[in-house]
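Following this line, the structures themselves.
Next come two complexes built around subunit A: one with subunit B, the other with subunit C.
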Partner chain A sequence: MDKKLKIIGKSTSKLDGNDRVSGRSVYGHDIELPNMLYAKILRSKYTCAKIKYIDCSKALALEGVEYILTAKNLDVNMIGYKRDHPILKGETVNCQRDEIAAVAATSREIAAKAVSLIKVEYEEIKGIYDPFEALKTEARKINLNGQGEEKFGNKNIAESFEYSHGELKSMKKLSKVIVSRRYQFPRVTHCCMGTSNITADYSIIDGKLTLYSSTQVPFLYQRDMAHALKMEPSKIRIIQPIIGGGFGSKLDMLPFEPICALLSIKTGKPVQLLYSREEEFIASPTRQAMVIDLTSGVDEKGKFTFREVQITMDNGAYTSWGATTPFVMMQAYSSLYQIAACKFQADAVYTNNPNAGSFRGYGNPQATFSIERNIDLMAEELGLGKDEIRLLNANFPGEITGQGLLFKTCGAKPALLKVIEESNYKMKNREKQSGRYRRGVGLASMLHVGGGAKIYRSDGCGTRLKLDHYGFLTIITGSSEIGQGSETVLAMIACEELGIPLTHIKVINSDTDVKPWDVGVHASRTSFVAGNSLLGAISIIKQKLNSKAAQLMGCKNSDFVYENGFIKACEKEVKIDKVVREMHFGNPNKLCVAEYFFEPTSSFQDKDFKGDVSGNYAFASQVAEVEVDTYTGKVNVINMYVSQDVGRVLNPMGLQGQIEGGLATGLGYALTEEMIYEDGYLTNPSFHEYKLLTAMDMPEVHFYPIETMDEAGPYGSKGAGEAPLIPTAAAIANAVSNALGVEFLSVPLTPEKVLKALSEKNNHKTANSQIL
Partner chain B sequence: MNFEIESPLNKEELLKTLSNLQSKKFRFGAGFTDLLIEFKKFNPVETTVINLAQLKDEEFCSIRNDSGEIQIGSLVKLAQICKDTYIKDNFPVLHQAANALASGQIREVATVGGNICQASPSGDLSCALVSLKANCEILNIDGKIRNQAISEFFKGPGKTSLQKNEILKSISIPINHSKNLKSGYIKIGKRSAMECSIVSLAYHFQLEKNGKVKHAGIAIGAVGPTIIFCQETVDFLLKQNINNIDEVLKLKIASMIQNASSPIDDARASAWYRHQVLYNVAKSLFE
Partner chain C sequence: MDDKLIKISFSLNGKSLTKNVSPSLFLIDFIRDELKLKGTKPGCREGECGACTVLVNGVAINSCLFLAINIHGKELITIEGLSSIEKPLHPIQEKMLEHGAVQCGFCSTGIVLTTKAFDDECRSDGKIPSRQEVKKSLEGHLCRCTGYTKIVDAAEDYLTHSSF
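Now for the complex of A and B:
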């Protein structure tokens, strides 16, 4: 970059920060519309049962109850990624969260009371909660709408992925050390501060449906909603109020959303449905629970030879976007470090557990955990430094991986070197530990998409710009703000390019009737695609401004400089608002507007999942330094050293927020968070028993961005949102193993699990010494 | 959630309200940090809440140390305990337990009385008070005071000896006979705040100059149906000099404390873990 930048790269407070902390932000929960009704859902009593009858008569008789929706006489389509999920269940229930009826009433209390008066008679069936049980031939077909038999040869397989590259057999032969392990991962959930919510407002006059929804993919949501309700998509308007956290949980449209819309359609009144915190735990998406069997090899020189992996995911009763997480996982297995051969197979298996969804990281935390644990084990067996083996195999610029990912820029090695050096890894890793408190360090890296991911027909984003004759700029972007700070980055870009101060920039991004198309917030893509789209629109609006400004200043073909609200050229300057006024009120009497649609150059992968799926790729390494209390098993993370290839830092403060927020989620995944189920029932649906960590548990965070200036991203930047949590659990598990000399094959590393592992190690020692 | 609310402003009004409600269902609320959660879960039916938050009487709201003992009103907020330097210097166990409870925000509203009357086997403050052999001062509707040792006050999980016509007015703790203290609170949980103890251990030893144990109190929490005072261990320790506790004795004491417990498996931890950790942290007392 030869140009000196004025605001890009400088810490800038979030545009919506003051509103958020002062309570002015309007969340979905704050919306009140005239004559609004309140909805509540009756969920299943059993995790697996036939419904014999539903009797709503008593509930209907309650004063204030306006409508009760059941599956009966409902003309709707099924929802979900595989369209295997009925909005309301009329014949069978398959999990704890299954929706049987929904009430709309004049108050929340009446709605709750009415739900308690609905009588349902069930015939309970023995559920299947273990995917391996579900795979057995004798197992019952769990989701009657599933197409596993036809497509994958097993009735309970919801989705399946296979991938391979290289010569597996010969690479196995070349291997000096081969390590095989089975890793297990529980369900965890997003814990958004704002619980799930929707307000639906249907007009019986024009048949239009307005939804105040906290979806993170408004245009896919509009399409899904239209399909579910058999409506014209453009008759559905999605307005996104301030969203109290997404993290992937709002990628799928869930039954409560069309349910609320239907209640509004049936009553002709606005209807609001809010989840309680307990309901949020029970009925919102989770990260995939999975079992990963990974075998990996290394040759005598320390070069990785192959990875062979079999993944069994607990899909739950219905299929969400989450079933496509293998798409991301296979990238990690095929391309994180140089891998000569890879064989990957993953099945999402129906069970009577709640359906899993998508979650920041999208399968990558699980994949990375298995890869990085196996690397430590291989290094130990080979007698090579755990840092050396990683450096030896690190990805490099220009590499085209076995899967066809092209790393035009690659900060993998610099990131590794940085955290190894800053954490003093080499020395600390070798320190022998004794006594009550034992310290350890663990290293892990990750690879993730950094320039969107082409998983839909378009991975693009539209932008419209409107510069008014007071010099204020309105950016109408297709992208959504769900707390990640993209709104602020877009305003910074406009400020940088047009010299308009941040206070004169508005970002409009919350109304599908207004904003142009975008595929949604996922795959760490927003700043990348929306930023590029904005730059495209800015270049068009600049041409218009330049031409008018040239005319006003009487100079031609000059370099135009945009600064502090002025356009400067040939030693003259003119105020930007004056230029707009002259365009608008004078010749050529035109608005100062521009629009642009950006489509990344990435390509669809072929049927074998090969191809360059993203505009660029993000790399990161982390070192965790832990202190383990051998009396209690509690792991205290003291330091996290984080280095990440972000292409270029756009907003240091925003980036730091993403890093720390991601780490907090990664720490919880490593140490405490776990949804505990008994026969499909969640036993800990509260913050009391679901151990989300607090600010008190945060370690010192040492963050070192790596700037590789990737030309595909705005100013050279790459997506950064998901990466910070992906290697965290792996780094922490490696650190705890380093501290104690015991192995962990699952998360979370709870104090009890750690103490048990230690006690087994000690018993083993005692037993051995007795034999001696 | 629907309930009637009565907000007495002083002791007289409180006693009057209490006696008026004797034939009805009522609950006390002061910080409401537990009560509202309970009401959300189990919708209260025909219940009156006696809101104590506006009661301003000294004996309920202050910490006093003028009468040969320290008196803590039941409406004293946990944050007041945390900030009290006399408590910090003289009863570290209580100071540490108050600091370990919930979070900074909750400690600003939650009260001593509320925490005690919840009678949770894992109550942090209660565990410290049992080790300090605190006394409960219970007021009835006739204005009479009944005194009861706090370990007697707890009758089981969520159960106390409090009668319907009574309210916990304050607690008192005997002052220390010695300035030479070994006192502290150990809380085991999965996270560093907003945590319910998996195991807790409160200890308060007053020592003679030479290290001989003069007075002692040890209480353990979350390892039985109520908080347990480790009498046997305390009796044993009274004959010891703290400076002479060797490796063998240390393990013996840890075993004694461990033997006083009767933990169960629950969602938070297994009995095995509780048993093991209690032994380990008991060991750490003399390391």
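Now for the complex of A and C:
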């Protein structure tokens, strides 16, 4: 069976944590290159307008201004997932974010002054901010480069997804209870503590462009950048400095990045562009805002019958990866709990709001919210326990869902049982509440990919290993570290397998000139894909070491044990660095290196989105326990009970950090965070007005990992990074409903919203639940 | 930009220094751009996130809201000041690592300094703070990665167990 593991499963501190905590780590903000210029972008004054003219003459006259870039005479391609996004806007502007000009100057102050001196004359046009307005036939075409008319029969549709399985009609007939609701989700944003940044360094000597850039998908970024600038991709080198938070925000390349590169190309000098916090709010990605119409049914025995869902997403003015969130959402609708029939339709609709993007969870928090709210409502109407109905329909090992996902291992039911038991859900859910402070509990589950997701031609990752003759191992991995701790897990795996101490292991992962291909950080894939890739390379390097060690020890075909820097066999041992020395300097000379490329066995889905898209799947359940102050409307989350099928725990401390961090973002989504727009203008672009939770707001977190030992993942593990925030808002909304007997159809559950729901309930005084 | 420069003398991480600075220069920019100490992080530049925290005469302040000239005659400690050749990490930093309180790390250096100041305060009052007080002391710091629990654990561990 399983051999005893030495370090896997033990809490291990972050590999470069000491650099980070002592201020030694170099983030993008900290880079200073000789002769470096500072860039600043002029953004649109209007959310929808024609540009009549741009006059840069005053700004150009300012001492210290080296270059001003506008759309004029710019030979570049459009960017974005649909290539519908001009880097600089010369004729029309479509949202508050729109880039009109960019200055490179010798200091930040001069760059800012120059931007204020650029004169732009606009002719304002009435914008469209509501996707339902944009869908009307009489609506103006918002993005002139959109292809909605040809592809989807409506000029303002940017992307559209359709999916179905099962017999919807007959399943509707079988249903005893059918619940229909419309749910609304606002934009929220990542709030990475380190704002967006890039430093571009173009060499006029050899035409090579080096970009210090915080992307989480360096190879896709290199390709996108090359396409935008009409350059050869391999002339672009991406170096990823330490990132001050990612969470999905760095999946799309945004205009500021090619803009900064162009300024460097035009001036022949390094150029740095840093976002201010206000700019970060205005012009970095957001979670997709959407309206979800969900109808779901259940038969008299409590078995779910069908889900029918129509989603309208506010795409904003340009199309980002965020438009593909339906890809993940349809998995939730089709396969979270056993579902006999499902019909799913989602449209991303152009508006004059800022373009959205991808965000940890990728549409799944929204989908899960609607699913789990409807389940509570169905259970109530059917008179069945909210826990029972979920257990009755829970996913199970070996299940092949209507969409074709195969759950080789599945911890859905154990996770549900665990949180139900630990939270004392049954009892607390039934307690009648009165008085000023009312308590409630809410339950929600989720399903997410746990072993990558095949959405690009390769979902693979390359690894190169170099073992030196002092016994130090260098792991060169295609994968990226964005703070999630993947480096540490890789080093732990190498330590486990080769018996080399962590202090002797280096991970190189930040330079596209050096590292092999990898698709990037997304879909909770890094530990899974990069871990498997590393294991492949380790097995190759071990073969080489084994044969040399056998020679040195004079024994053959033995079991070789790697421990504490030694290779042991047939009761003898030899130091690993000695083996390497013999390889390097012995006869015949050989390098102690290995390389491996891991491509998950997951398949592409067909054009109907059917197929087993991920190497494995993660399941989780959460129970939220809240106390609501009925005088102020404030929701206080007291306890969060979290159980998650992580396959196997690799690094308990790292995992706990991902769980607690994810939960905190989920709590913010549930309770306080919302970007408030008025006619496309963000009205709260600061931490003062956009409320992030603080240490004071955190509940007690009770975490129970479920280990299902999935064969596909390294040591049986599954991806875990996104799951913790996915069911959180749903669990909290269910808990507040349980406490107050009112219904919520949108997030965040602000005090105002809670008070309004309560006063409506009191006004109606009917027994049925009320709708806000 | 064309302000007249003002001469200030202060102590930086224990060493005396004299510099000419513009009266409108913020301390964060002075530290990062002129002293070239990059461990002080710009998270918001509007006094909301705590990433830029430094100690002035032992008090934790947001350097993005503090004018550089006001450190004249005072003692400035930045995160770099907590490391020495003999002892590269301060015990607070060790606790942060031990508890897994550092993810991306952008918020970490400010949190270390706030905890140090709070510790000094507790020591001079001769009290051991409660968990609630520890949380309260960190209220001015935003962290998007960790969910705060590990940070509070680390600070609490240090504040309640370091020898008096």
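What we mean here is this: the second predicted complex is superposed on the first by the 764 of 772 C-alpha atoms of A that agree within 3 Å, B and C clash if a C-alpha of one lies under 4 Å from a C-alpha of the other, contacts with A are read in each partner's own complex, and residues count from 1 in each chain.
Basically, a contact is a pair of C-beta atoms (placed from the backbone, for glycine too) under 8 Å apart; a residue touches a chain by one contact, two chains touch by 3 or more.
Here the structure is a predicted model, which is why all the values come from computation and not from measurement.
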In the superposition, subunit B vs subunit C on subunit A residues touched: C
Subunit B versus subunit C as contact partner of A:Thr672, first or second or both or neither: first
Which superposed partner A:Glu752 touches (first subunit B, second subunit C, both, neither): first
Which of subunit B and subunit C A:Ala444 touches, first, second, both or neither: neither
Touched partner set for A:Leu263, first subunit B, second subunit C, both or neither: neither
First, second, both or neither for A:Val21, with subunit B first and subunit C second: second
Which of subunit B and subunit C A:Ile243 touches, first, second, both or neither: second
Contacts of A:Thr694 with subunit B and subunit C, given as first, second, both or neither: both
First (subunit B), second (subunit C), both or neither touched by A:Gly194: second
First, second, both or neither for A:Thr632, with subunit B first and subunit C second: first
Shared subunit A surface residues [contacts with subunit B and with subunit C]: 109, 276, 687-688, 694-696
In the complex with subunit A, residue positions of subunit B that touch it: 2, 40, 103, 188, 190-194, 196, 198, 267-270, 272-273, 276-277, 280-281, 283-284, 287
Residue ranges of subunit C touching subunit A (in the complex, touch as defined): 1, 32, 36-46, 48-49, 51, 78-80, 82-83, 88-89, 93, 96-100, 102-109, 112, 135-136, 138-152
Contact footprint of subunit C on subunit A as seen in their complex: 11, 13-14, 17-27, 29-30, 32, 109-110, 190-195, 242-247, 276-277, 482-485, 653-654, 656-657, 659-665, 686-688, 692, 694-696, 698, 701
Subunit B partner contacts - residues on subunit A that touch it in the complex: 109, 276, 436, 631-634, 671-672, 676, 683-684, 687-689, 691, 693-697, 750-752, 755-756, 759
